[in-house]
Amino acid sequence: MAKNLMKHGYPLVIYDVFPDACKEFREAGEQVVSSPADVAEKADRIITMLPTSMNAIEAYSGANGILKKVKKGSLLIDSSTIDPSVSKELAKEVEKMGAVFMDAPVSGGVGAARSGNLTFMVGGVEEEFAAAKELLGCMGSNVVYCGAVGTGQAAKICNNMLLAISMIGTAEAMNLGIRLGLDPKLLAKILNMSSGRCWSSDTYNPVPGVMDGVPSANNYQGGFGTTLMAKDLGLAQDSATNTKSPILLGSQAHQIYRMMCAKGYSKKDFSSVFQFLREEETF
Amino acid sequence: MAKNLMKHGYPLVIYDVFPDACKEFREAGEQVVSSPADVAEKADRIITMLPTSMNAIEAYSGANGILKKVKKGSLLIDSSTIDPSVSKELAKEVEKMGAVFMDAPVSGGVGAARSGNLTFMVGGVEEEFAAAKELLGCMGSNVVYCGAVGTGQAAKICNNMLLAISMIGTAEAMNLGIRLGLDPKLLAKILNMSSGRCWSSDTYNPVPGVMDGVPSANNYQGGFGTTLMAKDLGLAQDSATNTKSPILLGSQAHQIYRMMCAKGYSKKDFSSVFQFLREEETF
Amino acid sequence: MAKNLMKHGYPLVIYDVFPDACKEFREAGEQVVSSPADVAEKADRIITMLPTSMNAIEAYSGANGILKKVKKGSLLIDSSTIDPSVSKELAKEVEKMGAVFMDAPVSGGVGAARSGNLTFMVGGVEEEFAAAKELLGCMGSNVVYCGAVGTGQAAKICNNMLLAISMIGTAEAMNLGIRLGLDPKLLAKILNMSSGRCWSSDTYNPVPGVMDGVPSANNYQGGFGTTLMAKDLGLAQDSATNTKSPILLGSQAHQIYRMMCAKGYSKKDFSSVFQFLREEETF
Amino acid sequence: MAKNLMKHGYPLVIYDVFPDACKEFREAGEQVVSSPADVAEKADRIITMLPTSMNAIEAYSGANGILKKVKKGSLLIDSSTIDPSVSKELAKEVEKMGAVFMDAPVSGGVGAARSGNLTFMVGGVEEEFAAAKELLGCMGSNVVYCGAVGTGQAAKICNNMLLAISMIGTAEAMNLGIRLGLDPKLLAKILNMSSGRCWSSDTYNPVPGVMDGVPSANNYQGGFGTTLMAKDLGLAQDSATNTKSPILLGSQAHQIYRMMCAKGYSKKDFSSVFQFLREEETF
């Protein structure tokens, strides 16, 4: 992502908790600093990308966080996938300092990040969206405005929850059909021309031998890991609990990916749920 | 369906447990007889369409069933949606009488039946498929060979199970997103260009106001009733229990549609699960 | 069970598909015959004990089944755990032959069978209950009349479904508590004096180290196998589907035990669901 | 609770966000103050009882919170049912001020509160337990030490999750049995002498007509409300997500009580899940 900003001619001020991650940029002549606060001192457009809600809170509100030195009028874009209620909290604190916060979680994986083809789902004040899009457009081919702060997260979480549900559903339907005597390729073809069709069945089929170029064709290597899916489903669960929204299948999908993590699937692509269900009874 | 056979010039021999259903055909000059056995006596290509496994067993093996008078070499096509293991049983009994049995459940609804645009999923001996297709092609634009007897049912059941799961998933994701502040149309658009995309989100969206011409735009009238979906999920459940296939979300979907039937949704389209989940807490 | 009848002085006529199982009785001077029909020819009180619905149908209605030679007025007691609707079907056929059928499934395990301490749940005509109790009382300390034919099965199935649910619930609650820092013995003690108390927590606790003399204290050897629990939950599922009864947790419990069977737990006691949930995420 | 402390001779300093709630105590001559901070200024043993985690944080860390004026060496006991991770956070902040924090959630309902028969589950430093017990013993007949801070909450949450699961399981099993033809009282009797036995079946049976003196005998009035159970299950869900503990049935129970709240059951006792499942299909 940072490299794509460089390619578009933006000078960078970089911080990462793992100094090695910055090496390449230092060698390329970019500034590498020693805390988020230092970034905020030198830059007025900042993009953050963190693994958890706690990490994001630390990066913004921690002892050496962005808020310690943020300049008035700065534009702060958080591309982490975190709890939408945390995004809203951060936005409030940023606003108190006279700056602007937007949440802009990303989808598309490592390949899309490299090629600048990510999708960004952006939440925040609509007037600032053009400014955000200028930057995000360097890294993504799709930059979608979703509404007030937190709605970027909401869109991402809802999509991934539906993705998890339809992936498990595809795995269950394919497995049941195979046990009932259907050929997997034929079954996939029938589903894909019928009302069961979904991205998990027609673009990312979880059954080995049905499609080429997907993780199921490569022993579930690469792709979107089970651990990451379990994390996103945890966020969906939290949001649903907070808003009192019933998610009967979403909850169950969360529990299934949680169990897969504990049974050796944590690093496999999330379509390996087919393999998880498939294991045969042995006597 | 029968009218489309007439249009293609086939003379008909008709039986229905409700005599009124035959009136129109009698007036059009077709033969109406008084039992399935009588049909079998006069015709050597027979299509049956019954609501349950028990009804199908009765029509074939009952006291006045087809098997009482079936002619050698007859082609019997059952278009009911029933338990695949029942289809296999019927096929065995039919074979003993020197005739051929194929299961050919249908999808597409009343509109597609009228316009001859049904999809047939056909299971049975491959050599007989051409003969079956000649007839079924008068009623459906898609006639797919699925494999041995029972696989037509299997394909239909697997598709409808995945459909139920992705419909409930779509309803949960849309509802959660709306409660998190997203506009429903925008959320549907985002899902449909992302990995959450499915037939239930892009063709048959369950949220009123998102699409035109679907049951959700018409108070969930018409379409595919909740009772019928609950019935198909019961068949999926039975098949999964018999083959020891885990269907964690499929089972849950079955229970959800079962509950909806008991809570006033039995005659509404199955996309009304959105309304079922949506009902607000009141104090 | 047969030995306890011998002890009470009843002469036996025995049949088993595995001839070796009869050896001991032959040596003890009891009659061993070569089919269920032969038993029916020689005895007028018959007790059957089969693993599945299909086996029971075969034993009664098969080519050499009991119904081929059953004498008028015979009392036929089926102690198999099978689908209540199959029990009702068998009862009808038996009645046609002028004999009486009762379903009397059993609970208590191998130990209780040996010591004559089984529990029998009996369904059938009330006037015949005394006659059934005379025999069943030789093998069980608890013989409970449940109502019309099939209600014995119904009671057993309902009990085992609730047992499965509360066992999984106990395992989930104990596991969650332990991860939250509670001592397992203390947590069990608190649950058992509170409203979470159940047989699975106070008599058969699934957590190793909490109780002595239960399968969890012995690496989940012995007890009631996961495969058998999965079978009984399949029956509960079928009965619920047939009667359109929602069983949200019962369905889920069924799927969980089904998955455990496929993951190496089939021969372990059903309380091993704690171990199944417990497995830690590894990196 | 406060009255039971008065009865034991403790002078009170009282604050409640609803001033009316303090009226009775003012008239009885107790001190009523205008903020949690004012309580902390005047008392060195403080008991808090709040409905949510957010309320508890406000009462301790808010602008007029206890921590603003807490005295060194004070003992702060929080009897709210909240997220154990919040209890731990509060404990840290309290400790920084040189005071002691314990979590002591309560079970038993309004009746037990009045009669001084509550159960307290206490988490915190063991050396302080005796001091806490002196106070809590005035209000409860059972004061159980559970371990480090947060384990009181953990014990309560685990108990209530298991309670919810076994209550729903009891309702499903009773409903299925009734539909299969069993008499409810007889079925309850059989379960209660078998392995399905649990508090929900033998002490608080959810089926009207089975027991006297329980909410099911009184149209589900009184008892423990569905909204409160949904809240506790939300806490269990959060704790499980945070600790990556799979709770397949616990999650499902959460969703079921969530849906009941949206369908008119929010103020009924949580055993009304039987009624919720029971509603008949109508045509």
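Every chain is named by a letter (A, B, C and D) in the order it is written, and numbering of its residues begins at 1.
Please note the rule applied: contacts are C-beta pairs under 8 Å (C-beta built on N, C-alpha and C of every residue); 3 or more make two chains touch, one makes a residue touch a chain.
Here the structure is a predicted model, which means the values were calculated and not measured.
Visitor: Enumerate, in label order, the chains that touch chain C and chain D alike.
Guide: A, B
Visitor: From chain D, which chain is the farthest off, judged by mean CA positions?
Guide: When every chain centre is compared against chain D, the largest gap points to B.
Visitor: I'd like to verify one number: the distance from the centre of chain B to the centre of chain D, where each centre is the average of its C-alpha atoms, in whole angstrom.
Guide: 48
Visitor: Using mean C-alpha positions as chain centres, tell me how far chain A is from chain D in Å, no decimals.
Guide: 37
Visitor: What are the residues of chain C that contact at least two other chains?
Guide: 244-248, 252, 259, 261-262, 277, 281
Visitor: Contact residues on chain C for chain D in the complex?
Guide: Residues 84, 107, 119, 121, 142, 144, 146-148, 150-151, 154-155, 157-163, 165-166, 168-170, 172-177, 179-183, 186-187, 190-191, 193-201, 203-204, 236, 239-240, 243-250, 252-253, 256, 277, 281 of chain C touch chain D in their complex.
Visitor: Inside the complex, what are the residues of chain B that reach chain D?
Guide: Listed in rising order, the residues are 252, 259, 261-264, 266, 277, 279-283.
Visitor: Touching residues of chain D toward chain A in the complex: what are they?
Guide: Touch residues, chain D against chain A: 230, 234, 237-238, 241, 244-248, 251-252, 254-255, 258-259, 261-262.
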